[in-house]
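Order of writing sets the labels: A, B and C. Residues in every chain begin at 1.
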(Lines give C-alpha, C1' and ligand atoms only; values in the text may rest on other atoms or scores of the structure.)
Protein backbone atom coordinates (compact mmCIF):
# COMPACT_ATOMS: atom_id res chain seq x y z
CA UNK A 1 0.00 0.00 0.00
CA UNK A 2 1.34 3.40 -0.94
CA UNK A 3 0.89 5.97 1.73
CA UNK A 4 3.00 8.69 0.15
CA UNK A 5 1.78 12.26 0.41
CA UNK A 6 -0.50 11.35 3.27
CA UNK A 7 -0.64 13.51 6.39
CA UNK A 8 -1.34 12.89 10.08
CA UNK A 9 -2.20 15.90 12.25
CA UNK A 10 -2.17 15.47 16.01
CA UNK A 11 -3.16 17.89 18.77
CA UNK A 12 -1.44 16.89 21.98
CA UNK A 13 -3.45 18.65 24.68
CA UNK A 14 -2.82 16.17 27.50
CA UNK A 15 0.23 16.32 29.72
CA UNK A 16 0.28 12.70 30.78
CA UNK A 17 3.00 10.14 30.16
CA UNK A 18 0.74 7.47 28.70
CA UNK A 19 -1.18 9.80 26.39
CA UNK A 20 2.04 11.46 25.19
CA UNK A 21 3.38 7.96 24.56
CA UNK A 22 0.32 7.12 22.46
CA UNK A 23 0.79 10.29 20.40
CA UNK A 24 4.48 9.62 19.82
CA UNK A 25 4.03 5.94 18.97
CA UNK A 26 1.54 7.00 16.29
CA UNK A 27 3.88 9.78 15.11
CA UNK A 28 6.87 7.43 14.86
CA UNK A 29 4.86 4.69 13.13
CA UNK A 30 3.50 7.24 10.66
CA UNK A 31 7.00 8.60 10.05
CA UNK A 32 8.20 5.09 9.17
CA UNK A 33 5.33 4.83 6.65
CA UNK A 34 6.46 8.14 5.07
CA UNK A 35 3.33 9.88 6.27
CA UNK A 36 3.91 13.57 7.01
CA UNK A 37 3.27 14.24 10.71
CA UNK A 38 2.55 17.51 12.47
CA UNK A 39 2.02 17.69 16.23
CA UNK A 40 0.36 20.78 17.68
CA UNK A 41 1.20 20.94 21.40
CA UNK A 42 -1.40 22.85 23.41
CA UNK A 43 -2.03 23.48 27.11
CA UNK A 44 -0.61 20.60 29.21
CA UNK A 45 0.91 19.08 26.09
CA UNK A 46 3.48 21.89 26.16
CA UNK A 47 5.02 20.24 29.24
CA UNK A 48 6.27 17.46 26.99
CA UNK A 49 8.41 19.74 24.84
CA UNK A 50 9.90 21.75 27.70
CA UNK A 51 13.64 21.30 27.69
CA UNK A 52 14.48 20.28 31.30
CA UNK A 53 17.80 22.08 31.06
CA UNK A 54 16.47 25.35 29.73
CA UNK A 55 13.82 26.42 32.24
CA UNK A 56 13.80 30.15 32.82
CA UNK A 57 12.18 32.32 35.49
CA UNK A 58 13.17 35.61 33.88
CA UNK A 59 10.57 38.07 32.62
CA UNK A 60 7.77 36.10 34.21
CA UNK A 61 4.96 37.19 36.51
CA UNK A 62 4.62 35.57 39.94
CA UNK A 63 1.87 33.28 38.61
CA UNK A 64 3.95 32.29 35.59
CA UNK A 65 6.89 31.42 37.82
CA UNK A 66 4.71 29.31 40.14
CA UNK A 67 3.11 27.62 37.19
CA UNK A 68 6.46 26.95 35.52
CA UNK A 69 7.77 25.32 38.69
CA UNK A 70 4.64 23.27 39.44
CA UNK A 71 3.96 21.96 35.91
CA UNK A 72 5.87 18.89 34.67
CA UNK A 73 9.21 19.79 33.11
CA UNK A 74 9.99 17.56 30.14
CA UNK A 75 8.87 14.09 29.06
CA UNK A 76 10.07 11.96 31.97
CA UNK A 77 8.41 14.29 34.49
CA UNK A 78 4.84 13.64 33.24
CA UNK A 79 2.46 11.57 35.44
CA UNK A 80 0.22 8.74 34.22
CA UNK A 81 -3.42 9.54 33.40
CA UNK A 82 -4.50 6.58 35.56
CA UNK A 83 -3.04 4.39 38.28
CA UNK A 84 -0.20 6.88 38.74
CA UNK A 85 -0.27 6.10 42.47
CA UNK A 86 2.19 8.83 43.46
CA UNK A 87 4.61 7.72 40.77
CA UNK A 88 4.61 4.01 41.63
CA UNK A 89 2.32 3.02 38.76
CA UNK A 90 4.47 5.01 36.35
CA UNK A 91 7.67 3.40 37.63
CA UNK A 92 6.03 0.00 37.17
CA UNK A 93 4.94 0.84 33.61
CA UNK A 94 8.47 2.00 32.77
CA UNK A 95 9.90 -1.28 34.13
CA UNK A 96 7.42 -3.24 32.05
CA UNK A 97 8.36 -1.22 28.97
CA UNK A 98 12.02 -1.92 29.61
CA UNK A 99 11.31 -5.65 29.92
CA UNK A 100 10.00 -5.51 26.37
CA UNK A 101 12.80 -3.29 25.06
CA UNK A 102 10.29 -0.51 24.44
CA UNK A 103 12.02 2.89 24.29
CA UNK A 104 10.96 5.51 26.85
CA UNK A 105 9.11 8.72 26.07
CA UNK A 106 12.29 10.79 25.59
CA UNK A 107 13.54 8.28 23.03
CA UNK A 108 10.22 8.37 21.15
CA UNK A 109 10.40 12.17 21.21
CA UNK A 110 13.90 12.21 19.72
CA UNK A 111 12.93 9.49 17.26
CA UNK A 112 10.01 11.56 16.03
CA UNK A 113 12.21 14.60 15.45
CA UNK A 114 14.74 12.47 13.56
CA UNK A 115 11.98 11.11 11.35
CA UNK A 116 11.03 14.67 10.42
CA UNK A 117 7.90 15.03 12.57
CA UNK A 118 7.15 18.76 12.95
CA UNK A 119 6.56 20.14 16.45
CA UNK A 120 4.31 23.19 16.81
CA UNK A 121 3.43 24.97 20.05
CA UNK A 122 0.04 26.69 20.42
CA UNK A 123 0.64 30.44 20.65
CA UNK A 124 -2.26 31.18 22.99
CA UNK A 125 -1.23 28.43 25.42
CA UNK A 126 2.40 29.55 25.35
CA UNK A 127 1.35 33.13 26.12
CA UNK A 128 -1.09 32.25 28.90
CA UNK A 129 1.29 29.82 30.58
CA UNK A 130 4.15 32.29 30.29
CA UNK A 131 6.55 29.98 28.46
CA UNK A 132 9.32 31.37 26.24
CA UNK A 133 10.33 29.81 22.91
CA UNK A 134 13.86 29.13 24.18
CA UNK A 135 12.50 26.98 27.02
CA UNK A 136 11.32 24.43 24.45
CA UNK A 137 13.26 21.76 22.59
CA UNK A 138 15.19 23.02 19.55
CA UNK A 139 13.08 22.95 16.39
CA UNK A 140 9.74 23.82 18.02
CA UNK A 141 7.82 26.52 16.16
CA UNK A 142 5.01 28.62 17.66
CA UNK A 143 1.81 28.89 15.57
CA UNK A 144 -1.78 30.04 16.14
CA UNK A 145 -4.93 27.91 16.31
CA UNK A 146 -5.86 29.30 12.88
CA UNK A 147 -2.59 28.12 11.40
CA UNK A 148 -3.15 24.70 12.97
CA UNK A 149 -6.62 24.53 11.40
CA UNK A 150 -5.43 25.56 7.95
CA UNK A 151 -2.74 22.90 8.09
CA UNK A 152 -5.01 20.27 9.59
CA UNK A 153 -7.69 20.71 6.90
CA UNK A 154 -5.25 19.13 4.46
CA UNK A 155 -4.52 16.12 6.67
CA UNK A 156 -5.96 12.63 6.15
CA UNK A 157 -6.18 11.87 9.85
CA UNK A 158 -6.71 14.36 12.67
CA UNK A 159 -6.71 13.32 16.30
CA UNK A 160 -7.07 15.20 19.59
CA UNK A 161 -5.09 13.47 22.32
CA UNK B 1 -5.76 29.77 1.14
CA UNK B 2 -9.50 29.44 0.64
CA UNK B 3 -11.21 27.51 3.39
CA UNK B 4 -14.77 28.14 2.22
CA UNK B 5 -17.22 25.26 2.44
CA UNK B 6 -14.99 23.47 4.88
CA UNK B 7 -16.42 21.92 8.01
CA UNK B 8 -15.14 21.19 11.53
CA UNK B 9 -17.08 18.71 13.65
CA UNK B 10 -16.30 18.51 17.36
CA UNK B 11 -17.60 16.14 20.03
CA UNK B 12 -17.21 17.75 23.43
CA UNK B 13 -17.45 14.85 25.85
CA UNK B 14 -15.30 16.30 28.64
CA UNK B 15 -16.66 18.59 31.31
CA UNK B 16 -13.44 20.33 32.21
CA UNK B 17 -12.61 24.01 31.92
CA UNK B 18 -9.36 23.57 30.01
CA UNK B 19 -10.70 21.02 27.52
CA UNK B 20 -13.84 23.08 26.91
CA UNK B 21 -11.55 26.06 26.35
CA UNK B 22 -9.55 24.09 23.77
CA UNK B 23 -12.75 23.16 21.93
CA UNK B 24 -14.06 26.72 21.92
CA UNK B 25 -10.74 28.26 20.86
CA UNK B 26 -10.75 25.91 17.86
CA UNK B 27 -14.43 26.65 17.18
CA UNK B 28 -13.88 30.42 17.30
CA UNK B 29 -10.72 30.26 15.17
CA UNK B 30 -12.54 28.11 12.62
CA UNK B 31 -15.50 30.50 12.62
CA UNK B 32 -13.14 33.38 11.80
CA UNK B 33 -11.81 31.36 8.85
CA UNK B 34 -15.40 30.85 7.59
CA UNK B 35 -15.23 27.15 8.37
CA UNK B 36 -18.63 25.71 9.34
CA UNK B 37 -18.47 24.42 12.92
CA UNK B 38 -20.76 21.96 14.68
CA UNK B 39 -20.23 21.00 18.32
CA UNK B 40 -21.94 17.86 19.63
CA UNK B 41 -22.06 18.05 23.43
CA UNK B 42 -22.23 14.64 25.10
CA UNK B 43 -22.04 13.37 28.68
CA UNK B 44 -20.00 15.80 30.84
CA UNK B 45 -19.79 18.21 27.93
CA UNK B 46 -23.47 19.01 28.52
CA UNK B 47 -22.46 20.81 31.74
CA UNK B 48 -20.90 23.52 29.59
CA UNK B 49 -24.17 24.47 27.90
CA UNK B 50 -26.31 24.40 31.04
CA UNK B 51 -27.76 27.85 31.58
CA UNK B 52 -26.87 28.65 35.23
CA UNK B 53 -30.09 30.65 35.58
CA UNK B 54 -32.43 28.03 34.18
CA UNK B 55 -31.76 24.94 36.29
CA UNK B 56 -34.92 23.00 37.03
CA UNK B 57 -35.70 20.23 39.51
CA UNK B 58 -39.22 19.60 38.19
CA UNK B 59 -40.21 16.29 36.65
CA UNK B 60 -36.95 14.68 37.69
CA UNK B 61 -36.28 11.45 39.56
CA UNK B 62 -34.33 11.57 42.83
CA UNK B 63 -31.15 10.52 41.01
CA UNK B 64 -31.63 13.13 38.30
CA UNK B 65 -32.09 15.86 40.94
CA UNK B 66 -28.95 14.77 42.81
CA UNK B 67 -27.02 14.58 39.58
CA UNK B 68 -28.25 17.97 38.43
CA UNK B 69 -27.14 19.55 41.71
CA UNK B 70 -23.75 17.79 41.87
CA UNK B 71 -22.68 18.27 38.24
CA UNK B 72 -21.09 21.58 37.18
CA UNK B 73 -23.66 24.19 36.19
CA UNK B 74 -22.45 26.31 33.29
CA UNK B 75 -19.03 27.21 31.90
CA UNK B 76 -17.44 28.98 34.87
CA UNK B 77 -18.36 26.08 37.20
CA UNK B 78 -16.19 23.50 35.38
CA UNK B 79 -13.00 22.24 37.09
CA UNK B 80 -9.58 21.87 35.43
CA UNK B 81 -8.59 18.43 34.09
CA UNK B 82 -5.26 18.73 35.93
CA UNK B 83 -3.77 20.79 38.76
CA UNK B 84 -7.27 21.92 39.76
CA UNK B 85 -6.14 21.82 43.41
CA UNK B 86 -9.60 22.45 44.87
CA UNK B 87 -10.12 25.39 42.54
CA UNK B 88 -6.81 27.15 43.24
CA UNK B 89 -5.18 25.99 40.01
CA UNK B 90 -8.20 27.12 38.04
CA UNK B 91 -8.23 30.54 39.73
CA UNK B 92 -4.52 30.88 38.88
CA UNK B 93 -5.13 29.95 35.25
CA UNK B 94 -7.95 32.48 35.00
CA UNK B 95 -5.66 35.19 36.43
CA UNK B 96 -2.98 34.27 33.91
CA UNK B 97 -5.53 34.42 31.10
CA UNK B 98 -6.66 37.85 32.28
CA UNK B 99 -3.05 39.06 32.32
CA UNK B 100 -2.93 38.27 28.60
CA UNK B 101 -6.38 39.74 27.86
CA UNK B 102 -7.61 36.25 26.97
CA UNK B 103 -11.42 36.06 27.23
CA UNK B 104 -12.87 33.54 29.70
CA UNK B 105 -14.83 30.44 28.77
CA UNK B 106 -18.23 32.18 28.88
CA UNK B 107 -16.97 34.80 26.44
CA UNK B 108 -15.62 32.12 24.08
CA UNK B 109 -19.00 30.37 24.30
CA UNK B 110 -20.91 33.53 23.39
CA UNK B 111 -18.35 34.34 20.68
CA UNK B 112 -18.85 30.93 19.11
CA UNK B 113 -22.63 31.36 19.01
CA UNK B 114 -22.23 34.83 17.45
CA UNK B 115 -19.95 33.37 14.77
CA UNK B 116 -22.67 30.89 13.87
CA UNK B 117 -21.21 27.78 15.51
CA UNK B 118 -24.03 25.23 15.94
CA UNK B 119 -24.55 23.64 19.35
CA UNK B 120 -26.06 20.15 19.46
CA UNK B 121 -26.79 18.13 22.61
CA UNK B 122 -26.57 14.32 22.53
CA UNK B 123 -30.10 12.94 23.00
CA UNK B 124 -29.06 9.81 24.88
CA UNK B 125 -26.89 11.80 27.33
CA UNK B 126 -29.66 14.36 27.86
CA UNK B 127 -32.16 11.58 28.60
CA UNK B 128 -29.89 9.60 30.92
CA UNK B 129 -28.76 12.67 32.86
CA UNK B 130 -32.32 13.92 33.11
CA UNK B 131 -31.70 17.35 31.60
CA UNK B 132 -34.51 19.29 29.91
CA UNK B 133 -34.03 21.31 26.70
CA UNK B 134 -35.02 24.54 28.47
CA UNK B 135 -32.18 24.12 30.97
CA UNK B 136 -29.69 24.67 28.15
CA UNK B 137 -28.53 27.89 26.51
CA UNK B 138 -30.89 29.26 23.86
CA UNK B 139 -30.15 27.85 20.40
CA UNK B 140 -29.10 24.37 21.52
CA UNK B 141 -30.72 21.58 19.51
CA UNK B 142 -31.00 17.94 20.63
CA UNK B 143 -29.90 15.29 18.09
CA UNK B 144 -29.07 11.57 18.14
CA UNK B 145 -25.68 9.91 17.73
CA UNK B 146 -26.80 8.81 14.26
CA UNK B 147 -27.56 12.39 13.25
CA UNK B 148 -24.14 13.42 14.58
CA UNK B 149 -22.47 10.70 12.48
CA UNK B 150 -24.34 11.61 9.30
CA UNK B 151 -23.33 15.23 9.75
CA UNK B 152 -19.78 14.42 10.77
CA UNK B 153 -19.15 12.20 7.73
CA UNK B 154 -19.26 15.37 5.63
CA UNK B 155 -16.76 17.23 7.79
CA UNK B 156 -13.09 17.80 6.92
CA UNK B 157 -11.90 17.58 10.52
CA UNK B 158 -13.49 15.55 13.31
CA UNK B 159 -12.18 15.66 16.86
CA UNK B 160 -13.28 14.04 20.13
CA UNK B 161 -12.43 16.30 23.06
CA UNK C 1 -28.49 10.16 2.58
CA UNK C 2 -26.44 7.18 1.51
CA UNK C 3 -23.69 6.29 3.93
CA UNK C 4 -22.67 3.04 2.28
CA UNK C 5 -18.99 2.26 2.04
CA UNK C 6 -18.21 4.80 4.72
CA UNK C 7 -15.81 3.98 7.52
CA UNK C 8 -15.42 5.05 11.16
CA UNK C 9 -12.09 4.37 12.85
CA UNK C 10 -11.89 4.71 16.63
CA UNK C 11 -8.90 4.48 18.96
CA UNK C 12 -10.10 3.62 22.45
CA UNK C 13 -7.20 4.59 24.68
CA UNK C 14 -9.20 5.39 27.82
CA UNK C 15 -10.22 2.78 30.35
CA UNK C 16 -13.19 4.58 31.80
CA UNK C 17 -16.81 3.49 31.79
CA UNK C 18 -18.23 6.71 30.40
CA UNK C 19 -15.65 7.11 27.63
CA UNK C 20 -15.97 3.46 26.62
CA UNK C 21 -19.73 4.00 26.55
CA UNK C 22 -19.28 7.00 24.22
CA UNK C 23 -17.11 4.93 21.88
CA UNK C 24 -19.57 2.04 21.80
CA UNK C 25 -22.64 4.23 21.33
CA UNK C 26 -20.94 5.74 18.28
CA UNK C 27 -19.86 2.29 17.06
CA UNK C 28 -23.38 0.88 17.42
CA UNK C 29 -25.03 3.90 15.82
CA UNK C 30 -22.55 3.71 12.91
CA UNK C 31 -23.20 -0.04 12.54
CA UNK C 32 -26.92 0.66 12.23
CA UNK C 33 -26.15 3.15 9.44
CA UNK C 34 -24.10 0.47 7.63
CA UNK C 35 -20.90 2.35 8.27
CA UNK C 36 -17.88 0.03 8.64
CA UNK C 37 -16.43 0.41 12.13
CA UNK C 38 -12.99 -0.54 13.43
CA UNK C 39 -12.00 -0.02 17.06
CA UNK C 40 -8.31 -0.06 17.97
CA UNK C 41 -8.00 -0.71 21.71
CA UNK C 42 -4.77 0.67 23.19
CA UNK C 43 -3.37 1.05 26.70
CA UNK C 44 -6.21 1.34 29.24
CA UNK C 45 -8.74 0.67 26.52
CA UNK C 46 -7.57 -2.95 26.56
CA UNK C 47 -9.26 -3.35 29.96
CA UNK C 48 -12.62 -3.13 28.19
CA UNK C 49 -12.03 -6.21 26.06
CA UNK C 50 -10.57 -8.37 28.81
CA UNK C 51 -12.80 -11.40 29.29
CA UNK C 52 -13.53 -11.46 33.06
CA UNK C 53 -13.64 -15.26 32.98
CA UNK C 54 -10.40 -15.79 31.13
CA UNK C 55 -7.81 -13.92 33.19
CA UNK C 56 -4.51 -15.74 33.35
CA UNK C 57 -1.45 -15.31 35.56
CA UNK C 58 0.67 -17.87 33.72
CA UNK C 59 3.84 -16.90 31.91
CA UNK C 60 3.77 -13.43 33.39
CA UNK C 61 6.44 -11.44 35.21
CA UNK C 62 5.75 -10.18 38.73
CA UNK C 63 4.91 -6.73 37.37
CA UNK C 64 2.58 -8.14 34.74
CA UNK C 65 0.74 -10.18 37.38
CA UNK C 66 0.34 -7.15 39.66
CA UNK C 67 -0.77 -5.05 36.76
CA UNK C 68 -3.24 -7.66 35.58
CA UNK C 69 -4.79 -7.85 39.03
CA UNK C 70 -4.90 -4.09 39.64
CA UNK C 71 -6.24 -3.00 36.25
CA UNK C 72 -10.01 -3.18 35.58
CA UNK C 73 -11.10 -6.58 34.32
CA UNK C 74 -13.86 -6.27 31.72
CA UNK C 75 -16.47 -3.62 30.92
CA UNK C 76 -18.44 -3.48 34.17
CA UNK C 77 -15.24 -3.09 36.20
CA UNK C 78 -14.26 0.26 34.65
CA UNK C 79 -14.52 3.45 36.78
CA UNK C 80 -16.05 6.75 35.64
CA UNK C 81 -13.71 9.46 34.34
CA UNK C 82 -15.39 11.97 36.67
CA UNK C 83 -17.58 11.91 39.79
CA UNK C 84 -16.75 8.22 40.26
CA UNK C 85 -16.81 8.81 44.05
CA UNK C 86 -15.53 5.35 44.97
CA UNK C 87 -18.06 3.73 42.72
CA UNK C 88 -21.13 5.60 43.98
CA UNK C 89 -21.28 7.96 41.00
CA UNK C 90 -21.00 5.03 38.63
CA UNK C 91 -23.74 3.10 40.43
CA UNK C 92 -25.95 6.20 40.17
CA UNK C 93 -25.23 6.57 36.45
CA UNK C 94 -26.08 2.92 35.89
CA UNK C 95 -29.38 3.37 37.76
CA UNK C 96 -30.17 6.41 35.65
CA UNK C 97 -29.38 4.46 32.48
CA UNK C 98 -31.67 1.67 33.62
CA UNK C 99 -34.48 4.16 34.26
CA UNK C 100 -34.25 5.09 30.58
CA UNK C 101 -33.92 1.49 29.36
CA UNK C 102 -30.40 2.23 28.15
CA UNK C 103 -28.35 -0.97 27.81
CA UNK C 104 -25.20 -1.24 29.92
CA UNK C 105 -21.65 -1.27 28.59
CA UNK C 106 -21.50 -5.07 28.23
CA UNK C 107 -24.65 -5.00 26.14
CA UNK C 108 -23.25 -2.25 23.91
CA UNK C 109 -20.07 -4.29 23.53
CA UNK C 110 -21.97 -7.41 22.47
CA UNK C 111 -24.23 -5.31 20.23
CA UNK C 112 -21.20 -3.87 18.46
CA UNK C 113 -19.75 -7.31 17.79
CA UNK C 114 -23.11 -8.53 16.46
CA UNK C 115 -23.26 -5.54 14.11
CA UNK C 116 -19.88 -6.54 12.69
CA UNK C 117 -17.72 -3.92 14.40
CA UNK C 118 -14.09 -5.12 14.28
CA UNK C 119 -12.08 -5.15 17.52
CA UNK C 120 -8.31 -4.72 17.26
CA UNK C 121 -5.84 -4.71 20.17
CA UNK C 122 -2.66 -2.62 19.96
CA UNK C 123 0.31 -5.01 19.82
CA UNK C 124 2.72 -2.77 21.71
CA UNK C 125 0.21 -2.17 24.55
CA UNK C 126 -0.59 -5.89 24.76
CA UNK C 127 3.11 -6.73 24.99
CA UNK C 128 3.98 -4.06 27.55
CA UNK C 129 0.99 -4.83 29.76
CA UNK C 130 1.66 -8.54 29.49
CA UNK C 131 -1.79 -9.55 28.25
CA UNK C 132 -2.29 -12.74 26.24
CA UNK C 133 -4.62 -12.97 23.24
CA UNK C 134 -6.73 -15.63 24.95
CA UNK C 135 -7.48 -13.26 27.85
CA UNK C 136 -9.49 -11.09 25.46
CA UNK C 137 -13.03 -11.51 24.16
CA UNK C 138 -13.35 -13.93 21.24
CA UNK C 139 -12.86 -12.20 17.88
CA UNK C 140 -10.24 -9.69 19.00
CA UNK C 141 -7.26 -9.44 16.64
CA UNK C 142 -3.85 -8.00 17.55
CA UNK C 143 -2.38 -5.45 15.10
CA UNK C 144 0.45 -2.88 15.13
CA UNK C 145 0.18 0.91 15.19
CA UNK C 146 1.30 0.90 11.54
CA UNK C 147 -1.54 -1.42 10.58
CA UNK C 148 -3.96 0.84 12.46
CA UNK C 149 -2.65 3.86 10.54
CA UNK C 150 -2.89 2.18 7.15
CA UNK C 151 -6.46 1.18 7.89
CA UNK C 152 -7.38 4.52 9.42
CA UNK C 153 -6.11 6.51 6.42
CA UNK C 154 -9.03 5.08 4.47
CA UNK C 155 -11.63 6.05 7.06
CA UNK C 156 -14.00 9.00 6.79
CA UNK C 157 -13.99 9.72 10.51
CA UNK C 158 -11.14 9.06 12.94
CA UNK C 159 -11.47 9.73 16.64
CA UNK C 160 -9.17 9.23 19.66
CA UNK C 161 -11.21 8.50 22.76
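Just so it is clear, a residue touches a chain if its C-beta (ideal position, glycine included) is under 8 Å from a C-beta of that chain, and two chains touch if they have at least 3 such contacts.
Quick caveat, the model's predicted, so the values are computed rather than measured.
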{"item": "Proportion of interface numbers common to chain A and chain B (over half same, under half different)", "value": "different"}
{"item": "Copies chain B and chain C - rotation angle from C-alpha fit, nearest 5 degrees", "value": "120"}
{"item": "Centroid spacing, where centroids are CA-atom means, of chain A and chain B in whole angstrom", "value": "25"}
{"item": "Multi-chain contact residues (two or more partners), chain A", "value": "158-160"}
{"item": "Complex contacts: residues of chain B adjacent to chain C", "value": "11, 13-15, 42-44, 61, 63-64, 66-67, 70-71, 124, 127-130, 144-146, 148-150, 152-153, 155, 158-160"}
{"item": "Partner chain A, residues of chain B touching it in the complex", "value": "1, 3, 6, 8, 18-19, 21-22, 25-26, 29-30, 32-33, 35, 81-83, 92-93, 95-97, 99-100, 102, 156-161"}
